[in-house]
Structures are given as structure tokens and as C-alpha cells.
Amino acid sequence: MQLLRGYYIEDLKVGMSSSYGRTVTETDIANFAGVSGDTNPMHLNAEFAATTRFKQRIAHGMLSAAYISTLIGTRLPGPGCLYISQSLRFMAPVRIGDTVIATATVTHIDPVRRRVKLSTVCKVGDTVVVEGEAETLVESRAKQAG
Amino acid sequence: MQLLRGYYIEDLKVGMSSSYGRTVTETDIANFAGVSGDTNPMHLNAEFAATTRFKQRIAHGMLSAAYISTLIGTRLPGPGCLYISQSLRFMAPVRIGDTVIATATVTHIDPVRRRVKLSTVCKVGDTVVVEGEAETLVESRAKQAG
Amino acid sequence: MQLLRGYYIEDLKVGMSSSYGRTVTETDIANFAGVSGDTNPMHLNAEFAATTRFKQRIAHGMLSAAYISTLIGTRLPGPGCLYISQSLRFMAPVRIGDTVIATATVTHIDPVRRRVKLSTVCKVGDTVVVEGEAETLVESRAKQAG
Amino acid sequence: MQLLRGYYIEDLKVGMSSSYGRTVTETDIANFAGVSGDTNPMHLNAEFAATTRFKQRIAHGMLSAAYISTLIGTRLPGPGCLYISQSLRFMAPVRIGDTVIATATVTHIDPVRRRVKLSTVCKVGDTVVVEGEAETLVESRAKQAG
């Protein structure tokens, strides 16, 4: 099953980047509410949401964060890496029908400690909705061999 | 609909705390994979997972993070607050059947800027699985009245 | 529990037909992506899909194929039959809001080997979206009695 | 959004292969029943299933087929390819807890018509549960440029 592997640390370079995009549907918000238990009326109650600054239901900020996690876990560095930390700054709301593009870009590689930092950003069009930094631990070919 | 409201900033005090607990099921992991798109085999492939350091499928780290978001959005400070930022440090894996208790505790209140910081931690028994800090913007009764 | 049974081979005749129809919603596509892991942006990313030949998000072809499987497994021949093979030719896209009508028609019966072949087609209005052939193994009353 | 692209026909070679694995849970079967409508008691009714040759509930054959579709749509050839046809031969049942590994291998490339054929197989351990052939239409770099 070696095809399931992501990148080894030797294969990563600063500047490498990957994206994952998804249009946020009403279904996604309902499903995220179910799996998380976050029933905040801003997400699920259209009448309440109409009275807020956003005027309508918005997606859970952690749903966009989950797309970042998808990138880290499936693409860059991908399967086999260990997720150490993530910072998240929620900058703007995501509305039903918005297409969120999450992008992770390698910013720092420490080959000795096998730590890889990535800048992570979610955008809707040109608007940054979430930004932050991920830190991961990535396996080494050498360690595998040794 | 005033029952849907969370705390106003005047009602919050440093040290106030709230918790949300949930037993992580195989279903939760399947559903989180669906809503996020994170099909990393560590979460979904028992044979692959058996070859990893964790020896079995583990939950997405962002699922525990989502429980923190649930606390912030539904309990403390609760509906009406704006989620500004969250830091997450993934300390230990969550396995199927583990009960995760997420706890948020108010650590700092800035009444002028209406900012409230909370320490956030997820535990399985005595083991910290995720820790970090949340920052929120909370409405004021005064502003409402004014 | 005999009400759960489908047809015995003695009850089937060439030309017998059954249909199953369903309007494809955004929810169905999100849920199919979840259960399959198929996060191809043609299905989930409206902005990407707008740049493709189809101009919008389309349903997974295997979702229409699943409707054929539903017919085979629940109606004709129905519960008790064994699904041997299915060929699928994806002819045209299915868009959100399209109503897919899957139809299976018995084309060949081999009473000795208890094999039943069915032509299977999915249409949206007059447009064929998927076509193919199913082969099944169907129980015999005689065998049941013997 | 060019990062969302799969392979161009110029980048494919006979023998290239990709796999996707997933442990089939009770949840997956329930979710597949919901999205397809296939409520055959073999999949959903444990008492009925105990009376069948399989002695227990089995997964929908089309669920394994969906994993093949996931491979085609997200990995090999991946986003941008058009799924033309798929043949499926259901060889053995998949039970709850089985880990299905779907593998697609390029077997034939027609650069003029841009057609790519792949052998597709799903296995549980060493047992083939589904096998068949996929045909896809893959974009060309030349066509993009021209």
C-alpha cells in the first residue's frame, strides 16, 4: 500500500503549494453542525441570522479550517505526515454558495527535526476568509531505510 | 428569540468555564471525512492505520477542534459572539470510542475593545489531545441599548 | 419476512420492466462525495466547474449507476438476487435539479443457470445519461422447495 | 486553479497505477443506502441477511464501484478527465469492517483520440471483490495550448 503515501521530507521544497476548493452548500453546513454539535443559530437559523451583521446564515469557520486539514492530510505533505499545530484567524464570513479555495504553501523546512511549516489561507474570490500557519512532522526516506 | 443569545461582555468573568463532551464514533469520522473531503487513510483505512505509530484509525484532529468551536459558538461566550482566532496544538491521537471533553475557560477580558480570550483544551481522560487559545469579540449590553 | 423477497426466476419474463426516479440535489452530490471520497472539483467546486465543458457542477456518474443498482436490488429482480455484473456507459452529464429515471428491462432468461440479463438505462427527459447491461443470478422456487 | 488538474495524456504511461483504500463501516452502508435508495435487506436488515448465503449484511457492490470512480476522478487520470465507461464484475461480498483497496492501472493509451483504458480492481486482502475496465477521455497539453 505504498501508493497511499504523501511526500517524504527529502521531496519537499520551500514554495511548493497545493490547493483544495469546494463550494459550501446548505448541506455542508447542516452536516458540519451534526458532526460537531455546533448549532449556533448563525449557521442554522435563517431568521436569527437575518438579524445579525451578516444578514444571512454563514458557514462554520471550522469548516474552512477543515479544508486546510484536508490539504495537509491528503496532498501536502499528505498521508504519513503528523499534524502538529495550526493557527487560524477568521477574517470574513463564508456564505452558502461561496467557493472556498484553501491553499497551503511550504514556508520552512527543518530537515534535522523533520518539521515542515506551511502558510495556510482560505479565500473566496480575492477575499481572505481564514489565514494561519500549519506545522507538520514529515517522515524521512533515510529513516525508513535505516 | 432572546433565548438564543449567549453572554454579553458585562456578564463574563475571568475563570468562567464551560465544557462539551462527545464520544467519537466510527460514524463521526466517516461524516467528518465526507464534509471535509479529508480521506487520509489514517482515518478511513484500518489496514493502513495498523501500520502507523497509532496502530489503528484515529479521528481527524479538526474534529476535536470543531468541538471547541461548538463551545465558543453555543455556550461560552455563545451565540452572538464573533470568533476571531483559534490556535490548535495536536498533542495526542483520538481513537474510535474515546470520549473527548472540550473545555473553554475565560482568561482575559478587554471591555473597551470587547475582546475575550479563552484557553481551550480537549482531553480524553487525563490526556490532553488538543490545546490552544481562542479569541472572540463579544457584544455589550451598553452598545445594544445605545 | 417473505414480503422482503423479490422475484423467483419462474416469475420473470422477457420484457418485464421497472423504473426508479430521483431528482438529483446538491445534497445528494455532497453525500455521494462523502461516502465515496470522490471530491473531484467537477462535482464540488462551482467555480472550477464553470470553466469546464459542462459549465456547472455535475453529479457523479456512479450516482446514476447507483440508481440502477437500487432497481436491481429492490425491484427487478429484487431482494434475493445476486448481482453478477454491470456495464456502464456514461453518455451525458446530470446536473443539479435533473430528475434521473433509471429503467431496467429483462432481456434474457437462462432458467437452467438461473441467469437473468437486463438492459439498464438512465434518462433525464429524453436524454440517455447512462446505459448498460446487468446480469443477475435469481433463485428458483424449485430449488427453495428441494 | 490549475493545481486542481489531473494528468494530461502526454504524462500518462502504460503501467501507471494508483490505489485508494477504505474500511467499509456500517455508516458507509447506511449512507450509501440513503443516497442511492437501495434498501435491499441484504444491506440494511441484519436478521434477513443472517438467512442469506452471506450470513450477515454486506456492502452494496456499487459502493466498491464508487471507490473506482474516486480513483478515476481524483487521482488517475484525475480532475479534468471524462469518464466514458466502466465495466464491473461483482466477484465476492464485502462485509462490514473489510478494507477495500481499489487499484486502477493504465493498460492502453490512444494519443490521437485521447482515450485511456485502465484495468480496475477492488480487493479485500487477496480476494478480488470487483473487477472491470474503465475508459476515459483525457485532455492534451497540445490541445490546451493550440
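Here are a few things to note about the model shown:
Think of it as A, B, C and D in the order they're written, each chain with its own count starting at 1.
The rule is short, and it goes like this: a residue touches a chain if its C-beta (ideal position, glycine included) is under 8 Å from a C-beta of that chain, and two chains touch if they have at least 3 such contacts.
A quick note: this is a predicted structure, and the numbers were derived from the prediction, not measured.
Counting the residue numbers used at the interface between chain A and chain B, over half appear in both copies, so the two copies meet with largely the same residues. Residue contact pairs shared with B-D exceed half only for one pair among A-B, A-C or B-C, and that pair is A-C. Between the CA-based centres of chain A and chain C the separation comes to 35 Å, rounded to the whole angstrom. With centres taken as mean Cα positions, chain D sits 26 Å from chain A. Each chain gets a centre from the mean of its Cα atoms; for chain C and chain D, those two points are 16 Å apart. Contacts with at least two other chains are made by residues 1, 4, 20-22, 28, 31, 101 of chain A. For chain C in complex with chain D, the touching residues are 1, 4, 20, 22, 28, 31-32, 34-43, 45, 47-48, 51, 60-63, 65-67, 69-70, 73-74, 78-80, 83-90. Those residues of chain C lying in contact with chain A across their complex are 26-27, 30-31, 34, 39, 41, 44-48, 57. Residue ranges on chain B touching chain C, taken from their complex, read 30-31, 33-35, 37, 39, 44. Chain contact summary for the complex, chain A toward chain C: residues 20-23, 25-28, 31, 97, 99, 101.
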